[in-house]
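Next come two complexes, and both contain chain A; in the first it sits with chain B, in the second with chain C.
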Partner chain A sequence: MNYFMQQIINALGWGSILALLAAGYTMTFGIIGLVNFAYGEVFMAAAFAAYFALTIFNLPYWVALLVGLISAIVIGLAIERIAFKPVRGAGMITLFITSLGASIIIRNLFVMLFDDSLKSFKTPNFLRGVYLLSDLIFFKKNILIFSITIILCIVLVYIVKNTKLGIAMRSISYDSQIAETLGINTERIIIITFIIASFLGGMAGILWGILFGSVRASMGVIMVVDAFIASVVGGVGNVFGAMVSGYILAIGSALFIAYLPQELIGLKPLFVWVIFFIILIFKPSGLFRANIK
Partner chain B sequence: MSNVPILELNNVVAGYGKKEIINKISIKINQGRIVTLLGSNAVGKTTILKTILSQTCLRSGEIKYNGIDISNLATHKIARLGISYVPEGRGIFANLTTKENLLAGAYLLKSKQELENNLNRVYSIFPILKERSNQLAESLSGGEQEMLVIGRSLMSKPNLLLLDEPSLGLAPKLVELIGKILKEINNEGVCILLVEQNAKLALELADYGYLIRKGTIVLEGDTKDLIKNKKIKEIYLGII
Partner chain C sequence: MKFEKNTIVKYILGAGLFFVTFYLLEKLLSGFWLTLFLLFGINVILAISLNVINGWIGFFSIGHGGIMLVGAYAAAFLTLPPSFKVGILNLHLPAFILNIQLPLLPALLIGGIFGVMAGVVLVLPALRLRGMYFCAGTLGFNIIATTIAENLPNVTNGAMGLRQFPSYTNIWWVWGIAIFLIYITLMLKKSYIGRAFISIGKDQCLAEHMGINLLKYKIYAFGFSAFFTAIGAILWVHLILNLYPRAFDLILVFSVVTMIVIGGMGSVSGSIIGAAIVTLFTEILAPIEEGFNFFGFQVPQALGLTTILLGVLLIVVLIKKPEGIMGEKEISLNFLKGKK
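So, the complex of A and B:
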């Protein structure tokens, strides 16, 4: 039983990062039908910006955090203006292709400039070590990451469910033309959505850096596909669903390999795909209510 | 009351992309009036409404609202001027609850008190919406959804209401109710542009009417004259 619980607890760090990424991903997926392959690069670039602020400029941690988040928003908006706005309304496939192009360009730019090696940095002292509760080990890092994520989750769900902005977002996701006739400035709301999504992606990237003590240029590629799967599993455009799915997929993957023989540990990435196909076959609209037609 | 018509279309030519749907349409709605656009399926009635809302390609002509040129104004800005739209085929947000749909209609309101007042007013006009306020809009029946869209359009206290086939697919009793409500709203000063295939409802309700065919106006006049008109009787045989 303890082994089982420990697996779950250990997975909460990565699960939180996936939850944040899935939430941001599903927001832009829902509102303009964008399958955003370049989101992984927003995630990665924010982590790199924070990394540079920390190691090269020796700025304090909270400044590095701010630098990372601002970079995420700037890059996210830049990608939106350059790769998505010009082809808005051209259909999901076109948007996906331009996002793929943006992803390849940005990622390879980073690889060219900084190569694809692991860039490590020291974990801050207050995040080192563990807490022990009965027989269970809680890494301080994981507790911080989990706490931040839960707070952001609560704030996000509140915005989506209880504010004018949330109603505007969900209306536009369903039918943007009718939303416009209600006086909703869809262009402005779409930009705000991208800002929030980029903020979440940037936060996820920085937390990833904290969790693994390192960043690398290819870190976005792996995560973005999992984020896409989590958002479909959760119901497209549903922020709560995406976050729950992120945790389910992370915890599920951890439990999956925990009970497999040692040689089969390489099969871990398979788990999310199995869940993905099961959902597509039995409940293609996702576990929770989707926000699209 | 001002003498300027609340809405004026002058020789409007419009369509979607390269396709032209409406040709040289000129319509006038005077303050406090109900005007109807009649015609069978696919003659361009919906296109006229969408053109007013800047959701089509306007080729030529102009659209004026209270004398102001709104020909190329962004849709959300047109809504801000006090024009509400009840789309064809319900047009509810199925992913939102009944109440959330109404709140979406109140998007432009600034004060919470105004929102509360308008919500209560819509609930008193359509009590069933209050009963179903926390249900998802997609679980409402066809008639309830129509009430919801009309209710939603009233939340912003519009000056001009554009309605696209509100009676489509509804039971006669409900059509009667909607007619009554539109009359009441008009008595309070809201101008109405009503697109309808149900000629009986339209001609009973409206003061002035235009008969559309293949994207152009073939007949227009006071509805009391249109009712007697042979051409209309021919087209709508059995309904009048």
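So, the complex of A and C:
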């Protein structure tokens, strides 16, 4: 039983990162129907920016966090302006192909400049070490990551449900033309959505650096697929559902490989895809009601 | 079909023309240019067969890497020398497979049939999922196939892959199959089956109302596409002489998708033009990736540069000319006959 509980506790750190990514993913997915494959590169670029600020320029931690988040927002908006705005309205498939192209361009650029090796990410001293509760181990950094995610989750759900901005977002996702005739500046709302999504992606990237102690150029492509699946499982456009299913997928994967024989551990990616196909066949609207759309 | 005397003469003349052309090309080309020409032919096969799904049926598949993987491994077990399969790797396969080494033709057919099986698996998501969700499902198929192939060390030698392939691929195989495929797809486009495919792509519900059996034609289309995709992959493996699961990941599928998007989705001649552009682009720029000395100025190594430029090309084409070079039209040869 302790082994079981310990697996769940360990998965919470990774699950938080997945939850943040899935929340950002589901917002752009819900609002302009964009399956943003390049979102993983926003995640990766933020982690790299924070890594450079920490290691090369020796900046303090909060400055590195700021640098990472700002560069995530800049890159996210640049991708939106260059690759998505000109083809918006040309259908989901076209948007998907351009996002795939953008993702491959950015990832290969990073591999070309900094190669694909692991780069060690400094963890602040106060996050080293563990707490013990009876015989369960809680890593300090897992607790920090989990609490940051929960706070962001509450803020985000409040924004989407209760503020004017959130109501505007939801109306655009129902029908952007009607929203525009009702006097909503759709262009502005879409930009704000991208800023929020990139902020969440950047946060997730920096937290990934803290959690695993390393960053690499191909880390985005692994996570973006899982985040996409989490957003589908949670119901497209449903921020709360995406976060919960991010945790479900992370805990499920952790338990899946925990009880698998040692030589089959490489089969880990299969888990999320099996869940994806089961959900699409039996409950295509997702586990939770799709509440943006 | 009624064969008139004129038609038979035309076919004989055409066959003779191709024979002479490829005989001359085989004599003239060597080294880099030969490889380039062979890669061009293989890309034509891959692009046209992907176009049947993505352009005609209208289901955007990025899972053809999985089909290539299944077909290529099925053929590889047949054409690898027994000394490698048993002596070096000790693969756990049935004894009769371990002890034979077949020539290319049976390997192509058997690999193609395994590819068709993998392709029919892709019909399952195509029955329920539409648009973006089908696309994601095929991506899942690709990732699942790669993951399984990497984790069966006793059968596929895992991520290390297979080597020591016999060098079977030559101009005759590649371009014979490519010309055959071009001819078949051009005929198919005018036939009942091809028009059924295209009508499914335009509007699935309307096509069903017109009396087209969706399941039947989807299976036909995926089977046809998968057979030639697998054959293209087998020829590719016997050209580059090694095979590992990651070879068929998203980057390869992405380059084939780039070909058909540039050329124009739904157009056979567009796929050929797209394949030509992408092959030339990739192979001509490949030496630049290694770094070179430009008038005393050392240009550093830049791995992955061609993929980046390919991505830029794809985005520019999608923004400036979304229908591609040819759109859905074909290059017409009717001007040779003097009529419009």
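Methods note: the second predicted complex is superposed on the first by the 290 of 293 C-alpha atoms of A that agree within 3 Å, B and C clash if a C-alpha of one lies under 4 Å from a C-alpha of the other, contacts with A are read in each partner's own complex, and residues count from 1 in each chain.
Here is the rule we go by: a contact is a pair of C-beta atoms (placed from the backbone, for glycine too) under 8 Å apart; a residue touches a chain by one contact, two chains touch by 3 or more.
Please read all numbers here as calculations on a predicted model, not as lab measurements.
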Spot which of chain B and chain C makes contact with more residues of chain A, would you?
C
Quick check for you: in the superposed arrangement, does A:A90 touch first (chain B), second (chain C), both or neither?
second
Using the superposition on chain A described above, determine whether A:K164 touches chain B (first), chain C (second), both, or neither.
first
Counting only touches as set out at the top, which of chain B and chain C does A:F277 meet: first, second, both, neither?
second
Given the touch rule stated above, what does A:F4 touch, chain B (first), chain C (second), both, or neither?
neither
Is A:T186 touching the first partner chain B, the second partner chain C, both, or neither of them?
first
After the superposition on A, what does A:P269 contact: first (chain B), second (chain C), both or neither?
second
Mind working out whether A:L109 is in touch with chain B, chain C, both or neither, as first, second, both or neither?
second
Go through the superposed model and pick first if A:I178 touches only chain B, second if only chain C, both, or neither.
first
Which positions of chain A sit in both the chain B and the chain C interface?
none
Please name which positions on chain B make contact with chain A in the complex.
53, 55, 74-76, 78-80, 84-85, 87, 91, 93-96, 100, 103-105, 107-108, 136, 152, 156
Chain C - residues contacting chain A, complex:
60, 62, 125, 128-129, 131-133, 135-137, 139-140, 143-144, 147-148, 150-151, 250-251, 254, 257, 261, 302-305, 307-308, 310-312, 314-315, 318-319, 322
So in the complex, the part of chain A that touches chain C is made up of which residues?
33, 35, 82-83, 86-87, 90, 92-94, 96-98, 100-102, 104-105, 108-109, 111-112, 225, 228, 232, 264, 266-267, 269-270, 273, 276-277, 280-281, 284
In their complex, what parts of chain A are in touch with chain B?
164, 167-168, 170-171, 173-175, 177-186, 237, 289-293
